[in-house]
Every structure is written in C-alpha cells, then in structure tokens.
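Letters A, B, C, D and E name the chains as they come in the text, with residue numbers starting at 1 for each one.
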Amino acid sequence: MTLPTLLIVSAALIGIGIYGTLSQQSFVMLMMGLELILNGAMLAAVSFWALTAAGAPEGQLLTIIAMAVMAIEMAMGFALVVAVYRAKQADTTEALDGLKH
Amino acid sequence: MELKQLLVLLLVVIITAGFGFWVQHVPGESKKSIPWPQRAPFLGGGQPDTHAWSRFHIRYYPMTLLLIAFEMEMMFMYPWAVVYVSEGIKALAEMGMFLGILSIGILYGWREGAFKWQ
Amino acid sequence: MAVTWLRRLANQAPVPVFPVVGIAGEAALEALYLSPAVTVVQSPKRARALAVMGSIDYRDQQALRRVHGQVPAPRVTAWCSAMAVPQELSGSAIVVDATDQLGQQIQQAVHSLDAGQQSSDPNLCPDQPPAPWKGVGDGHGGEGMMGGKPYGRPMAMPEDDLRDGLQLDPLVFSIGPFSPLLPPGMAAKVTLHGDVIAGWEVLSRPYELTLPAVFYQALEQPVAVADLELARAAFHIRRLAAALQLNGLGAHARRLRHHAVELKPGQSIDDLVNARVLQSLRWVAGAGKGIVHDENWIRLRGPAARAGGDARDARLNDPAYVALGFEPVVQKQGSCAARWKQWRDEAGQALTLAAAAAKARAMSSPSGAVESPVGELTKSTPPVDISDLMPSLLVGLEWSEAMSVLASFDMAAVRYTDVIQLQGGGE
Amino acid sequence: MSAVDITFYINAAIAIYAGWRVFVTDSMVRASFFLLISFLAVGVIMLLLAAVYLGVALFFMMAVEMMVMALFMVMFMMNPAGLNPMKMVHQEKVAIAAGVVAFAALSAVAVFGEFPSRTIPEGWQPVVSLGHELLGDSMLVFESAGVTLLATMIAVVMLTSHRGRYGDANHGSRPPGLEPGGDPADKPEETEEGGHHHHHHHH
Amino acid sequence: MTSTLLIASACTVLLALLVGAYCVAAIDGAITARVTGQTPGNPLLIPLQNAARLWHAPHNETETPDRPALRLAPVLYLVLAAMGLALVPWSRDFVPVDLTTGIVFWGAIEPLATVLVFLKGWAPNAHFPLLGAYRYVSLGLSYILVSMFVLIGVALPAESLQISAVVDTQAELWNVVRQPLGLPLFLVVGLGVSFWGPLNFIDADDLHGGAASEEAGRVQLLWSTGRAAMLLAFSAIAASAFLGGWHGPWLPGPVWLILKTLAVVVLLVILGHTLPRVSPERFLTIAWVILLPLSFLSLAGAGVEALL
C-alpha cells in the first residue's frame, strides 16, 4: 500500500467514472459516473493526506468538501430528474434537447 | 492500535459471514429444481399481470433528497462533537447555527409537504 | 444420531399450516387457530401443510390448485370439507372430519412425511413457466426494452398517477380468493400506483357467511337470549382478533381467539384484552378512513350501520330484550376505527346482556327477524353482499389503510337457504 | 506482504471491479449497489490509511446516497431490474478513449511524480484535528457549506414538491383511466422522437 | 499468541450474538405466552424447536430472483449485527473492537441495515415483499438522523466518538439521567432497525408477511436470527450509551452489561407486543416533525450540560 498503488487505484476509478459520465444516456446513470470520479478523487485526497501531508487537517477537509459536492450534486440532480420527468416524462439526456434552444 | 481493532472487526465479519452461509446452504439444493407453480408470487391464489419489478412510485421521494442534505450536515457534526468541550462557547454558537439551519430545513420541508406521501 | 436428535426437536414445534377457507369452513379455521399442534401462517410458501376447510366454489378450483402448488414439497394436504377430494390427491391427502382433530392430524401427517412413511402430494399444476421461451429478442419473444415477456411475464407500461403528476408504471395483479387479507372467496383485481390503490375491481364476491347455528334457530323457535348474546360476542371478538392480527398484535389476537370459545356471561371485555390495546387501534393506518357515503350508506347493516350512528336493531322489537332494558350502542364517525369500536362495544354489551338474560332465563320470541352479528336476518332477506362498495372506498387509499378498511367490514352475504336443513345436525 | 497490504489489494480490486460493473450490469438497482460496494471498499482503504473518521463517514453517507439512488432508479428507469437486456449508451468509443486516456495520464503522474513522504505521526488524532480545523481556520468553509446545504434543501423541496413553485403538479394531468390498458403508451419514446427533429448537441 | 487472542475475541462476539439471539427469541416467546395466557410449551425450548423445524423445512425460490441479493442480504444483515455487537465494551479491558469512531460506525450500520432490508424485499421479484421493502425504506431513512443526533449527544461529554470513552463518562451518573430524552428516542431507532412490533413495515401481516412471505426453511431461520441478533446488538449499544454499560456495583462488568442489555431487550419486546403497527405515512411525518426536533432538543440539552 504505497502512494503510487493508491493513486493508480484512484486513477482507475476516475477513468471508469469518466467513461460512465460520457457514455451513459440516462441522467441517473450519468450521475453514477460523476460519483465514481469523486470516489477516485477522494481516495487520492486521503492518500496524499496520509502519506505526504503528515495528517494536515486540510487533506481531510478536502475529502469532506468532495463528499459535500457529491451530496449536493445528487440531491439537486435527482430533484431536476423529478422536475423534468414530471414536465416531459423523459429520463434521458437526448430527450432534453428542447431545453437547449 | 487502530489496525488491530480493524483486524478483529475483519475476523468478526469473516466468521459471521461464514456461519451465515453455512446456515443458508441447503445440501442438494442445486440438484432439486423448484417447480414453477411454487415459484409464482403468492397473491392468495391470484395472478400478477406483470413483473413486480417495475417503475414504482416511491411516494416519499422529496424526503429522501432532503435527507441527503441533512446527512451531509451530520458529517460536520461528528468532528464538532469531539472538540465541543474544549472549544467551549464557540462550539455552542456553532451548534446553534447547525440546529437553526436544520430546523429551517425541516420547517420549510414540512410547509411544502415534503414529509407527506405524495 | 445427531440428525435424529435434531429431528425429534423439530417434531416438537408446531407445524405451519396455510388455511384455505371455503363455504362453511369458518368453524374449522377457528379450531385450527386454537390448536397447539399447528400455527396458521399468512403465506403458503412458509407452510408445510395446506388445510382445505369447507367447500370451495367451482370457479375457484384453479386458484386452489395454484395455492396448493405454492406449499413447498414435500407437503401435506388436509381435507376438512364436504367436498370430495380431487382425484390426484386421493392417495395422499388426509381427510379429517372432526374439526378439533384437524391440527393434531396435520402434525402427525407431517411427521410421518418427514420420516419417509408417507409420500408428498403430487403437483396439481403443470411445471411450466408462465410464458414459453420464444427465441425472439433474447428469447423473450419481443423486441426492445419493454417488449416481449422476459422470464415469463410482460413488463408494465406507465400510466397517469392518481395523486401527483408523475407517470409511472402501475402494479396490476389479482388477489384472492384465498388471501388471508380478504374474506374467503373474495378476489379482486388491484391496480397500485406506488403504495396507493388506483383501481379495485371485484372479480368474485366472498363466499356466503355461515353464522353460528343459534341465530338460524332463533328465526324458528325461542332460544335462550344468553346463548344468542354469547354467540354474538364471540363473533365480534373473533373479528376484532383479525383486526389486531392485521396490525401487528398477533399475541393479543391469539388471546382473544382463545377467550372467544369459552365466554362466560357477565365477563368484561376488558378482561379479555387490555382496553388500551383495543383503543390503540384508533391510531393505526386507515383508522379514520373507509367512511361510506350517500346512497351506499343505506346498504350497510347491523354493526356497520350502527357505527355510523344509525340505531336500527331488530332486537328492539323483541319483548325479551326490551324487558332487559336493551338499548343499541352507536358510534358517530362511521369510519374504520368506529366499526372496530362498535364490535368491541357490542361484544361488551352482549356479555352484559347475557348475564342479565341468564339470570332472568329470558327466551327470545321469534318474530321473523333476528339481529345477527352482521345485521338483520330474516327468512326472506338475509343480509346481502356489499363487496361491491369496496372500489369506491379503497381507491385513493394506501395499501395498509385499505387493508384496515377491508378488515372492518363483514362483506359477505349470509348463507341461508340450505342451512335450515343443516341445522338439525347442529353445526 | 502484511495483512494490511493483502486487505488493501483485495479492497482495491473490489472497488475497481464494482465500479466497472456499475456500467455493465442490466439491473439499475444492482448498479447502484455495485457503486455502493465500490465506495465501501474505498472506505475500507481509507480506514487502512488511518482516516478513521472519513472511512466510516463514507460508509454512512454512501449507504444513504446509494439507497436513495436505487429508489430513484426504481422510480424513473424503464425496466429497473434489467429483465430485458439493454444498453443505453451514446458516443461509446469516445467515452472509452477518454476513460483510458484519463487513467493513463493519472497513473503516469502517480508512477513518475515525485511526492514528499511524510506519513502520519504515531498517536495522531485525525478526528480531533479535523474538529479544531473546522472550528478554527476553516470556519468559513464550514459555515458556507452549512448555508449551501440549506439552499440545497430548499431547492430540492421546491423542485420536487408537488405543490412547488410551478403550481399544483396535478394541474393539467388527466384523471387515471380506471380500466387498465387504455390510453397510456410508452411516453418517453415519443418525447425522444420529438427531440430528434431538432439537431443534436452532444457535450 | 496475539493472533489466537484476536480470533478468540472474534469468536466470543459470534457466540454472544447467537446466544443473545436465542435469548431474544426466548424472551419474546415468554412474553407472547404471557400475553396470550397460553403456555404452549417450555419457553426455553421453543426457539430451539422452531429453529430445528426450519432447519429441515423445504426451500423456496421465486420466478426470477436477484439471486446474489437473495443470498447475501440475510447473511450480511447478521454480519452487521455482529459488527454492532463487537463495538460494545464488556469491561474496562475487554472491548472486542475499540474503534476511535465507534459511534460513527454504529451510525453507518443503521443505513447499511436499511440497504440490506431493502434488498431482502427487492430480491424475490414478488409483489408483497417489494411493497414491504419500499415501505421499510421510508422508515429506515427517517430514523437514522434521530439516532445520529442522540448518539452525538452522548459523545459530547465524552469528548470522543469511542464507545468505551462514552461508557467511562457514566461511571457516576448514567446518561439516561443526564439526557432523559435520549433513550426513549433511541428505542424508536431500535424498533426500526430490527423492524420489531410497531415499526415492522417489511414483514407485516397486512402484506401476507411481506418479505417473509416468499421465504422458507433455512433462509427464514437465518433472517429471523439476524433480526433477533440486531435487536440484541442494538440493546447492547443502548445499554452502553445510556445505561452505563459495564459500570455497576458488586457484580463484574460483563454481568452488568448482559443484565442491562437484556433489560433493554425486554422493554423493546414488550413495546412490540403493546403498540400496533403505525401507519407508514404517519410515521414519516412523526419522525421528521416530532422525533427529529426532540432529538435536537436532546442534543442542545446535552450541549449545555456538557459546558456547565
């Protein structure tokens, strides 16, 4: 469990997350991609905190902020899904092209 | 020190899971196939039109979203609790802010009917 | 050695039985509830035995076969019915005549089944998936995400919602005729939007109810008022037990059922079960729901009508009751909780009346109309079925509320014509 | 290899495998719980890194979030259990390429980057230090997070509540067909086709 | 040598869990017998007889189950209960798992249990288990906040999230006296996490037994064991957080812990037999509008008390 191995794991999570975010059609699956990216980012932040920053509290704070971002992203994302579904019965990004005009 | 605690926790997990799988394992189950009539969902003699797994209207969904935001606040409260006594009056003021925010959230949610089943 | 020891321990536990109640099977069901040898379970999947009690209408034979098939094999079928045992089961089903022997015989049969001395029932339904494998579009016989019948059943399609504007899938299924949640014989097609009932179509009406024999006798000849009232109290107490069971108070329900067989005149209802427990039913799901309105109101009879403030009661016309100072109890709200309270109050009143009547040796005077526990019983017009009121009451309620409302009605019509011949046998 | 290393490798493998399964499995509910497993495995790694609070906090945060995720899957996804196999993806090749490039670039940084090595001192109390940080230097972050979350609460209630800013959600909706199988066709596809008349903008 | 010690303490936890689950079943049987007024047999033997019966009972499966979820949910639910019990200190020296964030860990066990209960109802692809599962989640997502606030309240005077530290602060005065609102609120959580009595939303009788309606045999045995074990683990945590844990005069620490745990179990079982099941919709409002503000109040009280 060294810093490079930890970072490779987080890189793998971020890579999968990016694939998911770009490829998924439905909102909810897209949000899963974002979550996975943040998952990797949090792992990286904690690894740096533990192995290079000697436990400086900012490292932990960064992770908490990442979690907060995730929570807000999820809550707002789902709220939008509900609002959009109610208006258009749509749950995919393509169906929302109308919003861009 | 912490790692030793985690090791015990891991052992507890492994031993209990092993026990659980052992209890659940029915010898010879894979050989015996369960007939289809027995597998059908029990509806008191009635029959379903469709699969049970479908888009189900979870009627308390506004509450779940509110919960995510609440939960995030909790994330800040645990470290706060540890330093509460040593930080003294500042921490007390902080708690006031927390509870204030959460109460406003609850009040607003209540007024808008977020805790009712839609 | 260890295995036989474990077996012996297992054999001391009561056997789970799923009851299938037909016409005139009520008494056997009560006997089954009281038997220490068995426990009555809510789902055949958890049962080891199926008890068929009373005769099953021809229209429900297929449903009976389905429920029979849902008891995991090896299973035992006990037949306590005037109906003949089906051909396929004639070799394996146990036929029980005496209802009080039912529990014990089932337990014995399951033990000898486990010991290998007896073979299991055959399956009555063909062992086939609900829809055949088509080989088109992943084998489900359809194209696209919603097409075909994946794993034997189709997918649901969205529909407008009853309460808010989200178009989601309805959950449509038929329930009954042997669901413990419905009166025996009743089947309904349910459409659920989330937890909310959006459609309730009665597919078949409940089987006609067989009242305790004393009520039929009272039509013809004078009977002791004490007997009549004790039978009434027992009837209401059993219905209350079902309401308690439904709301998670199974132990209290059991207590009431045990007391219902040995009621004594003058007993207080609060001795049978804690008054606070019965009062707590006011707070359960659906307690304030299920109010019958307008033109349907007139179709309610007996306790259900009195729970809404209508003091109709055939007992007021009986001089014996007038002499005892009888006044009908009424509630105001006419809701689900009011009907439960009405049962409780009438049971309590019946016990008091029974004490006074026993003391005065009061006999009823037959006048062509008897107040039965479900309403006025006359030779020409026994109480009729009101299960068709349910759609208007249940649509818009949540599932748990709807089940409470269902458990607060006696929906079934009263069995009348052929009972008159039976009553000589004294059921 | 020590027990810590073995646990780390197992959990790393679980995290990555579960993360990958999220986008491959047919069942949406399963996908949410695969994501949960991925998070839990990362949480265990955090515990191994002495982040005792963050690891455990990740457990409870993610258990709730993924439970909610599963509920929303059930609500809004056609075929939430994946009974009919399906694949709802677009621009898949670009996505795979982007994922691989991101992985390669980040791993290169990990392998070739020079980082100082300052591990956590013995007897360090991460929760206490975090608490003092939150009530000291990072007070502002902490306060603004609180207020942001309040804003989120109000926003979600407003957006989802059925009598939100846009009026009663029942307004304009038809009464339910009492006999099933009447009108409702598969609405989403219709809207999707409606969208095709416009030209597409992909991100 | 140490590794043997570690395995021994892990095994102790499992043994305590199973014996405790048996005790919960026996207590439930005894109280049921008291309520019904019938004694069907020796209440000490009945749980064993039922377990033996389920051990031999045939197995059931539904049409298209989510098989991994079906298999994993009961096992992992039991595992969660074991993890919860492992956090409990038995005496000053014997704490199987003394995490510095033990209270947060219990806070994580509750939502994870909700996930597993949901999966248990989801897995069979049958209507009534599914209805129960959805209904249960509304409960599961409502009580966790109450639980967290109440437990943060006991962490304040301890200045630590370690359960052993929380127990240490109660040497003179139990938390149940210092924070009188805490224990009653926490008991609601206990009924919820083990879906007992008034909060049994998933295996309820108005759903033909809900998730339990599609299971039989050993799966049923494991699920009911897990449920009893969760009730036990919860009671042990409640005893440690509010009733002073192993502290007590004359008797050794572990004995006190067991007695207090069983007292909480008895209380919960009696509550389960006295209160009818609440309406799921109403409980949601109660939890957020009444219980949650009460837990704020409890926390504020604890905060003021800790500074005085």
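In this section, a residue touches a chain if its C-beta (ideal position, glycine included) is under 8 Å from a C-beta of that chain, and two chains touch if they have at least 3 such contacts.
Not measured: the values here are computed from a predicted model.
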Handout entry: A-B against C-D, pair bridged by the larger set of C-beta contacts
Key = C-D
Fill in the blank from the handout: Rounded to the nearest Å, the gap between Cα centres of chain A and chain D is 6
Fill in the blank from the handout: Chain centres from averaged Cα atoms put chain C and chain E apart, in whole Å, by 34
Handout entry: Cα-centroid distance, chain B relative to chain D, in whole angstrom
Key = 15
Practice task
Enumerate the residues of chain E that touch no fewer than two other chains.
Solution key: 59-60, 63-64, 99-101, 104, 107, 122, 125, 127, 134, 137, 141, 144, 161, 208, 213-214, 217, 280-281
Fill in the blank from the handout: The positions of chain A in contact with two or more other chains are 64, 67-68, 71-72, 74-75, 78-79, 82, 85-86, 89
Handout entry: Where chain C touches two or more other chains, by residue
Key = 43, 45, 72-73, 129-130, 150-151, 153, 155, 158, 161, 163-168, 171-173, 179-181, 193-195, 398
Handout entry: Every chain pair in contact, whichever chains are involved
Key = A-B, A-C, A-D, B-C, B-D, B-E, C-D, C-E, D-E
Exercise for the section: Could you pull out which chain A residues touch chain B in their complex? Expected result: 64, 67-68, 71-72, 74-75, 78-79, 82
Exercise for the section: Enumerate the contact residues on chain D facing chain A in the complex. Expected result: 4-5, 8, 12, 15-16, 19-20, 22-23, 28, 31-32, 35, 38-39, 42, 45-46, 48-51, 53-54, 57-58, 61, 65, 68-69, 72-73, 76-78, 88-92, 94-96, 98-100, 102-103, 106-107, 109-111, 115-121, 124, 126, 129-130, 132-134, 138, 141, 145, 148-149, 152-153, 155-156, 159-160, 166, 169, 187-188, 191-192, 194-195, 198, 200-201
Exercise for the section: Write out the stretch or stretches of chain D touching chain C in their complex. Expected result: 75, 78-79, 83-86, 162, 169-180, 184-187
Problem - Complex contacts: residues of chain B adjacent to chain A - result: 61, 64-66, 68-69, 71-72, 75-76
Handout entry: Sites on chain B touched by chain C in the complex
Key = 34-38, 40-52, 54-59, 117-118
